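These are the structures in question, set out in turn.
Next, two complexes with chain A in common: one pairs it with chain B, the other with chain C.
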Partner chain A sequence: MAQQTTLPPAEQPAPAAEARPRPATDVAGLGRGRAAAFVGPAMVLIAVFLVFPALWTLYIGITNYRLTGVQARVPEIVGFDNYADALGDPTFHNALFLTLVFVLFSAVLGQNLLGFALARSLATLRPVLRRVVESLVLLAWIIPGSIVAFLWLALLDRDAGTLNALLQTPGLAWLIDYPLVSIIVFNIWRGTAFSMLLYSAALASVPPSQLETARLVGASRWQTLRDVVFPHIRGHVLTNTLLISLWTFNDFTPFLITAGGPNDRTEILPVYIYNTAISGGQMGYGAAVSLIMLVINLIIALFYIRLLRERR
Partner chain B sequence: MAAIKLDGLTKVYPGGVRAVDDLTLTIPDGEFFALLGPSGCGKTTLLRTIAGLEEATSGSVRIGDRDVTHLPPGKRELAMVFQDYALFPHMTVVDNISYPLKIKGLAKDDRLGRAVKAGDELSLDGLMQRRPAELSGGQQQRVALARAIATHPQVFLFDEPLSNLDARLRLEARTFLKRLQRDLGVTTVFVTHDQAEALAMADRMAVMDAGRIRQVGTAREVFQRPASTFVANFIGSTPMNLLSGVVRGQAVNVSGQIVQLPGDARQHVTDGQDVVVGVRPEYLSLSQSAADGALRGVVAIVENLGTASLVTLESDGFTVAATVADGEEPAIGTDAWALPIPGRTLVYRREDGELVDAPVVAAVA
Partner chain C sequence: MTPRDFVGRIGFYVLIGLVTAFFALPMLWLVGTPFDEQPGLALSVPDPTLGNFSELLDNRFALPSLLNSVLLALGTAVLVVAFAATAAYSLSRVRIPGRDVLLYLLLLLSSIVTGTAAMVPIFLLMFELGLIDSRVGVVLVLSGGLLPAAIFILKDFMDSVPKSYEESARVFGASAFQILRDVVVPVIRPGLATIAVWTIVNVWGNFLVPFILLRDADKQPAAVLMRTFYTEGGAPNLALISTFSLLFSIPVVVMYLFVNRKYGFRFYGGIKS
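For the complex of A and B:
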C-alpha cells in the first residue's frame, strides 16, 4: 500500500484498471439518461408486481393482518407467532405431507418415468405416428388449467362421467373415494409432456455407436440403459426432476378439481394457503406459510444442485 | 479364429434402396481384408450386416462353421471398432476395456486381469485409470482396439478405423494396425474409402460400387490390373488415363494417334471394336523427342506431387497424364511424347467397361 502511494500515478501498475477497462458508455450511443428511460418502465413493473408483493408478504407474515375486520385496518405486529403456529399446526403438517406425497408420486415418479418411457418408445416409431403422439401429449400441457379441470370433472363425474361409463362402474365417486389418487393421475397426465420432450432431446444426444457397442457385446436392454444411456442423460434427469418437482410443489390446478376436499384430503400446500389466507381471511398466517414453502423450495433446489455438481 | 463366408447376401432398406446386392464372398481365416469404395457404395452396410447390426434381407453369413445370419450381434463372437471409437466417456480406460467381459459375466479379478493384459499389449499401461476425454485420438483408438482384443473374438470388424486421426498419426496407425493384425492372426474386415489405406494394409480387398463387388484381389492385382474402368478410376493416387479408341489391326486408333495393343489382348478384340485403353501415369515414360508408338501432345499442366510431377498433355480429342521425376518436367507449351511401358497397357470394352479378356456377361438391369 505504502509502496503504491510513493509511485507517481503514471507508473502505477494499476492491475484493477487493466483487468477491467472502463467500458465505453454504450454501443448504441444513447447516453445514461435515455438508456435509463428505456430500462425504467421494466424496472417499475418488476418493483410493483414482484419486489413489493414479496416485501409485503414478508411484512404481513409477522402481523395478524386479516382480510376483513379490525386487523385489516390496524394490523398488529406479532413477531414470529404465525411461523410458530404454522409449524405446530396439524392441518399444516397434513398439507405438507400431502404435498410431498403428491410431488413424489405425480412428478418424481409419475411424470419422470412415464415421460422417459414415452420418449424412449417414440424414438423407434415412424416419424408420422411419433408426431401425432407427441402433439396429443403436448396438448395436455398447453391447454389452460381451467379448461383441463373442467374436462377432468366431466371424466370423473359420479353419474355421467366418461370413466365410469368406460369401466362400467356407475355411481363410483372418484373424487370422493380416491381424491388424492385422482389429482396425482391428473397431474401425471397434465405434466408428462415436458419430461417427454426433455428426454427425447436427451436420448438423441447418446451416440449411436455407443449403443451399438453395447449391442455387439450382448448387453441386455436393461444393461444398455444402466451402463450407456443413463450416464449420458444423468444431468438431464436431475434437471428435469428439479423442475417438475418445483412446479408440482407450487401447482394450484388441483384446487380447480377438488378444492382441497373432501375435508382436507387433497389440501396440498398451495391450496392450504389459499384456503386459510383468502377463504379463511388469515392473511398474516398465509403469508408466513408462503415463506415456509419458499424455504422448502429452496431446500429442494439446493439438494438437486448438489447432486448435479457431483456428476463426473 | 474363423473364415467368413457370405452367400447371396442382400440388404434392402425400407424404401427400396439395395445397399448390398446379392453378394458372395469368402474371406479366409486370418486374412486382413479391406472393403473399399466411394461413399454410398454399401461397404459400411456390408460390414454392419456381418456384425448383425443390420439384418440381412436374404442370403447368409457364416463365421467359421456357424451360420450366424439370424444370430443377434452379441452371439456372433466378433468385435467391432467404430470410426469414433465409441468409448464410454463415464468409464475409465480399464472399465471400458473390461466392459464386454463384464457383460459376458466374467468375475471381476478375471476381467480386470484380461483388460490390463490387453492394455499392456497396446502400451496403455499408465493410462488405465484415465477417462477417454483425457486421452489423445491415437490413445483412444488403442483403447478401442484393446476392448476388441480383450474379448478374444473370432473376427474383427473396423469401420473407417483411421479417419479420425490426423495425417501423420494415420500413417503410424496404419503400420501399427497391420502388425497387430498379423501378430493376432484374427480374420479382420475393415472399411475404408481411402484407396491408399486399403493398398497399404490389406492382404486382399474388394472394390465395391452400388452394393456389388467390382473386383476382389490383392493390392497388386487391383492396382496393376483393374478389372473395369470403374476400378481403374478409383484405385491409384493419380487417376488412370482412359482413352477411347477403335481397334485397327494390331493397334488402337485414339483420335488419330496409334497405341500398340498389348499381346494378351490381341486375341480378345476384333477389328473395328470400340475399346478404352487404360494406362497409369506411372507407366508412361515422357520424352521431349518423337518416339515410335508414343502419344504426342502439348504440355498443358504440371502438378507437383512431391518426389515426382504429374504432367498433363493435351492433344486433339484427348488428354493424357504422365509422371516424371522431379527436375525433369518439360516446359509448358512444348511438345512431348508419352510412351507406354510394355506390358502395362490395359484394354477395356467400351460397352460395359470390363477388361477385354473378361467373359462377356449379359448386362444386369
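For the complex of A and C:
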C-alpha cells in the first residue's frame, strides 16, 4: 500500500466546491480503489455463501436433483412439479400446520406473554432476587442447543425423569404422548430471554409520571396496563413478535429432542426439509419447500422493515 | 396492607417461584450430575467425586471436538471481525451511491437466508465445491451468514469516530491501512470485542451447519458430537455426557458474564442472530 505523504489533490474535492452541509466524501483518503479492496473480501463471502445459495434455490427447486443415482450427475428440469408435489403432499401440509401451531403457541403467545410478565414483575423485585431470575432465564437462552436438548431429554425421561418424579406420574412418556406440547414448552423455556430483555427496556421508557397519575385516579392494574403502558410499547410488541416468530420459525433445535417423531408428529418445516432433502436425498423437492420457507421469512422481514420505517 | 393485598403479594411470590423453578429445573441436572459418583437422569444430591471427568479422556473424540469448536469459533471470529471492520470502515468513510440501501438489503438477506431455510443449497454448494468434511468450509459458510449484521453494527461504531483524528493522521503521512489499524481500531475496540464475542457465541452453539457439512467425527465440533453421545444406541454414558456438557457450556457462560459486566447484556441481547 503506497504511502501518502500529502493530501492527494485529485481525489479530494475542493472545500469550497462542496457547499452542501454534508461530510466530505472521503476523509480518510481511501480512494475508490482502496475502498473497494476494503469492502471486497466481505462482499465476496456474502455473495458466495449467502446470496448465491438463495438464488440457487430457485434453480434446484425446478430440477429433480438427487444426491445419488443418475439425477445426481445430470439433473433434469422438471418445472414446477416439485411445487405441485409439495402443495399436494399431506406430509407437507402436516409440517406446515405443525410449524404454525409451534410458532403461534411457543413464540407469539408463550415467549411474548411470559417475557412481558417477567419484565413487568422483575421490576418490582429486590435487585438480588431480580438478578437471580434474570440470570436463569438468560442461561436457558445462551447454553448451546445440543446441551439443553439433552437436559430436556433427561427432564422428560419416562422412567427416571425429574418431571415424572415431581408430578408423581411414573412411566408417563411425555415425548411420545405429548410431543408437540413438549417442544412448545421447551421453546418457551429456551427463548423467553429475548422478550424479557426487550420488554424490560421498553417498560423503562414509560414515563413514571403517567403511571403515578393512573395510580392516583385509582386505575386498576389492568386499566393501567391497557391505557398507559400499552400505547407506549405497542411498537416494541410488534417488533418482538415479528423477531421471535422469525427465529422460532427457523429454529432447528426441536430436531435435537424429537427428530420430528414420533411418526412426524413434531416434524416442523426445518426438520421436514432436513428429513426429505439432506437425509432422504430429494434435493429438488427439498429446495422447493425451502423456497416456500424463504418466502415466508421474506414476508415476516418485510413487515418488520416497514415497522422500523414507520417508527422513524 | 389490607388482607387482600397481602394474599395478592403471596400469590405473586408463589408465581415468581414457580417461573424460577421452571427455568432452573432443567439446568439443575448440569450442576450436580458431573460430580455424582453414580450419575443418573434424575436429580439427586451428588455423592461427590471428580472421577467422571476421566471419561473425557477415555472418549477419543470428546476433547478433540472441543478443540474443533474452538477452531471454528475463532476462525469465524477472525474472518468476521477483520472483514466486517475493513468493510464497515470503507462504507462509513467513502460515499458510494446506494450504500444504505445495500446495507439494508444485506441485513434483510441475512435474516431471511438462515441456515435452516438454505440448508439444501448450502449443502449442495459445498458438495460441488468439494468442501464437505472441511472445517474451512464451515467457517466460510458461517462467516457469510454473520457478516451483514456485523458490518451493519460496526458501521454505526465507525460513524461515531471523529473524522478529525484521521485527518490529523493523514497530515502526518499515515497510509489508509495504518490509519485503520492505529487510529480507528483502538477507538472502536468495544465494538470489535462485541462482534467477536457475538460471533463466538453464535458459532459455539451452532448445530445445523457443522451437522450437515461435517461427517467425519474427528472434525466435528462439540455441538455435533454431543448428539452422538445420546442418540447412538445403548444406554447413554451419563458420566461422559454430564462432564462434557459442563465443559462445553462454561465458555459461553463466562463470556456472558464478561459481556454483562462490561457492556450490559442489553446490547448483546438485541443482536443475537
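Following the convention adopted for this analysis, the second predicted complex is superposed on the first by the 273 of 312 C-alpha atoms of A that agree within 3 Å, B and C clash if a C-alpha of one lies under 4 Å from a C-alpha of the other, contacts with A are read in each partner's own complex, and residues count from 1 in each chain.
Everything that follows uses one rule, which is that contacts are C-beta pairs under 8 Å (C-beta built on N, C-alpha and C of every residue); 3 or more make two chains touch, one makes a residue touch a chain.
Small disclaimer: the values here were computed from a predicted structure and weren't measured.
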*Considering only the touch criterion stated at the top, classify A:L167 as touching first (chain B), second (chain C), both, or neither.*
neither
*asked:* So in the superposed three-chain picture, is A:A154 touching just chain B, just chain C, both, or none of them (first/second/both/neither)?
replied: second
*Taking the superposition as given, does A:Q210 touch the first partner, chain B, the second, chain C, both, or neither?*
first
*asked:* With both complexes overlaid on chain A, does A:V228 touch chain B (first), chain C (second), both or neither?
replied: first
*Please work out whether A:A219 is in contact with chain B alone, chain C alone, both, or neither, and reply first, second, both or neither.*
first
*Where does A:A123 make contact in the superposed view: on chain B (first), on chain C (second), on both, or on neither?*
neither
*Quick one: name whichever of chain B and chain C touches more residues of chain A.*
C
*Contact set on chain A toward chain C in their complex*: 1-7, 23-32, 34-36, 38-39, 41-43, 45-46, 48-54, 56-57, 60, 65, 67, 114, 117-118, 121, 125, 129, 132-133, 136-155, 157, 159-163, 165, 189, 193-194, 197-198, 201, 246, 250-253, 256, 270, 273-274, 277-278, 283, 286-287, 290, 293-294, 297-298, 301-302, 305
*Of all residues in chain A, which touch chain B in the complex?*
207, 209-210, 212-219, 223, 227-228, 231-232, 312
_Contact footprint of chain A on chain C as seen in their complex_ = 12, 15-16, 19-20, 22-30, 40-43, 79, 82-84, 86-87, 89-91, 93-96, 104, 106, 108-125, 127, 140-141, 143-145, 147-148, 151, 163, 166-167, 170-171, 173, 175-177, 179-180, 201, 204-205, 207-208, 212, 222-224, 226-227, 229-230, 241, 245, 248-249, 252-253, 256, 265-266, 269-270, 272
_Complex contacts: residues of chain B adjacent to chain A_ = 51-53, 72-75, 78-80, 82-90, 99-100, 103-104, 151
